[in-house]
Amino acid sequence: MNRSLQKIRATFELELDVSFPFPSTGVIFLILFLIAIGSVLLEGCFIAIAIAPHPPGVIPLDFDYIVWAQQNADFNLLAGPLFNLILFIIIVIPMLSAFKVAGPIEVGLLKTLLTYPIRRRDLLVLKVVEMLILTVLPITIGVLMGVVLIQWVSIGLTSFVLLLSFWVMASTILSTSVFLSLVTQSMTKSAFGGIAIWVVLYLVAAVTYIPNVIRGALNPVNLVLSYFNDTPGAAFFGVPFRNPVVHDVWGAIIINLVIGIIMLLLSVRQFRRVEV
Amino acid sequence: MVTLTRFPKFLAVFGAITLLLSIISPIITVSYRPISYLEYGTYEGVLVNCYDAIDVRIKARNDNVISAYFLNSTNGLRAIEEGSLVNVSTLHQSLNRTLVFERWAIPHPGWYAILVTPSNNETIQSISIEFVQQIPNPRVLLAGGILIIVSVLWVFWGKRNAK
Amino acid sequence: MATTPIIVAKDITKRFGQVLALDNFNLSTSKGIIGLIGPNGAGKTTFLRILLGLIPPDEGEVRVMGLESQHDSYEIRQRIGVLHEYPLYPPSMTVNLFLERVARLYTDRENVVELLDQVGLENAVQRKIGKLSAGMRQRLGVAQALIGKPELVFLDEPTSNLDVMARRELLKMLTQVHEENGVSFFIISHVLSELERVCSDVAFIKKGRTIVVGPLHEVIKQFASSQYHVVVSNPRLIVDDLASIEGIENVEIAGVKTISIALKDGKQDSVLRAIEEIARRKDVQVYEIEKASTLEEAFLKVMQHE
């Protein structure tokens, strides 16, 4: 067992140095961290209020909004940036997969690696884990630092569910992109194909009249956001969907996660068949 | 493990960036609210989540005379509900000024309301409320400092073990 | 006592679309230094890729050191080293970091510093791979092939990008490693003179099929023992007359002053006398008649007949 762990560690070190040589690892991490923290800072944390004389007993309509906004400020300060960053990772992750999975196959670097005693399965899984951690971890740290340390807003269970949905969605985008990279074995096709697929799925989730759980399976972050804000989150030609309920949320996250796992398993199977 | 010798370098850079952020973040955090056509007798402003004393700068475009108030969020919401400030108490106020430029201390971190109204019987065309939280942000500063200290200790520990 | 074959390929067929790269390819070689020779597109690199488990054969089976190349690819790779043609190494890594990382993948490994010294890279230890010259990169390739103390090393054009002295050093090193450590080498190369110096066995491949397999000297003896080079002052004056000598199978001008002839068995003495007689008659000076039993001649002869 010890020997197996040593081998995996040796594979990991070689793969990391080959795919993400220092200091590019650190640079990517810091850039994504700054983008995430910047999106929180630009979101801001204040609510506009107005006080005007009104007849006794008549409470201004926007009072409810102000109370709601204040109560949900902590959640929305995290949710807003994550919602925007979904579009960012829909572009970044397929491109990263194209460079780091399809790229080595295309240029011949994979041939070099696979002549060493490295299992294809280990190589691919390590690569996927590296890409996931390198993209999602700095974004998570940046957003949390922005919300907790800078904006001084508390986080709770709702925030963790939101972050979980973000991680799940990112991992599904990644495993799909990796599969596409292995099938096409072309950096260009893989990058643009991956972006196109996820943009389409994002739009389908946003504008088509499909059940909430399916909508959430395509974009769980949006569904979690609308669940905790108690809003429909989308409308079809002006007609809002019904507000999501708790089993929509968990169903969506689980379906998205299962899709991600299936794509990863298919990727491992495909990688075993890649002719190098 | 070679990677581990690079990790403290990365931590140090990350710590340095965090220290910089402690200064930059209060500056670039969105903290500007323009108000248009504010009538006499009405109040507009913002609810802000403050962690420490807040620097405010409030000015009308044509140097109109204004009054500004600072209260906690409970009082701010009560004022919205009742439509006036009669039954609420303020923490700070700056009355009848053309420019309000103050540092307002807070009793504890939380939500607070900044409100502004014309002092004279007129409608003010444009007022800007700017507010900046304390520079540097003390928690971010602390986080950056901890990262740098950890990276330095890591390097010393590694060198000591190597001997 | 029969030696266990180190590589056994049985009826290997591999297609890439319409192209038949290997066509019922068969090969069985024992330990030693084995050379695989063939024209461009013959299927050499395809066979190497199958041996390494990088691609599967469409039909047939390959065994390396008794292990099946597809199913046991991981176990095989723990015991071999490989230097590909046009290898690609991470350009931003330093030489010693790359070798350290690769070394850790193996249970038993060479000392990186000593190995770099052995291949002539002692002054480039901290240099980035992207900054190495082509020759230095080739030496790095040899080093990474040997780092895991392999039993068998595959080398695809190992002396390309090396100058004359470096080629000699490399071949000397391969021979030394083979003699001292018992490491076998499987070399694909177009430089037949070099293969002739180091190989114990050779295999000729053409259009995806094995044409000839056997010990080096037997192959030369079988296909090139009757080859001679006749070095004269003016080959064109006598080449037609030589063709009419009984006992000569083939005559062709091989150089500015060289005629290449192939003799029938047992006719050597009479033919050589006839050549000198013709040269005297035509007033052509004969500088030398030398035996041209080389691997290259054997290969050319075999390829001509196929």
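Think of it as A, B and C in the order they're written, each chain with its own count starting at 1.
The rule we apply is simple: a residue touches a chain if its C-beta (ideal position, glycine included) is under 8 Å from a C-beta of that chain, and two chains touch if they have at least 3 such contacts.
Since this is a predicted model, take the numbers as computed values, not measurements.
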| item | value |
| --- | --- |
| Per-chain Cα centre nearest the global Cα centre, belonging to chain | A |
| Pair of chains joined by more contacts [C-beta pairs], A-B or A-C | A-B |
| Rounded Å distance between chain B and chain C, as computed from the means of their C-alpha atoms | 75 |
| Cα-centroid distance, chain A relative to chain C, in whole angstrom | 52 |
| Centroid distance [mean C-alpha coordinates] between chain B and chain A, Å | 30 |
| For chain C, residues contacting two or more additional chains | 97 |
| Residues of chain A whose C-beta touches two or more other chains | 13, 17 |
| For chain B, residues contacting two or more additional chains | 2 |
| Contact set on chain C toward chain A in their complex | 49, 52-56, 74, 77-78, 80, 82, 84, 86-90, 92-93, 97-98, 101-102, 104-107, 148 |
| Residues of chain A that touch chain C when the two form their complex | 3, 6-7, 10-11, 13-14, 17-18, 21, 107-109, 111-112, 114-119, 275-276 |
| Sites on chain A touched by chain B in the complex | 13, 16-17, 22-23, 25-26, 29-30, 33-34, 37-38, 41-54, 59-60, 63, 66-67, 69-70, 73, 145-146, 149-153 |
| In the complex with chain A, residue positions of chain B that touch it | 1-3, 6, 9-10, 13-14, 17-18, 21, 25-26, 28-31, 33, 39, 41-51, 73, 76-77, 79-81, 83-85, 109, 111, 113, 115, 131, 137, 139-140, 143 |
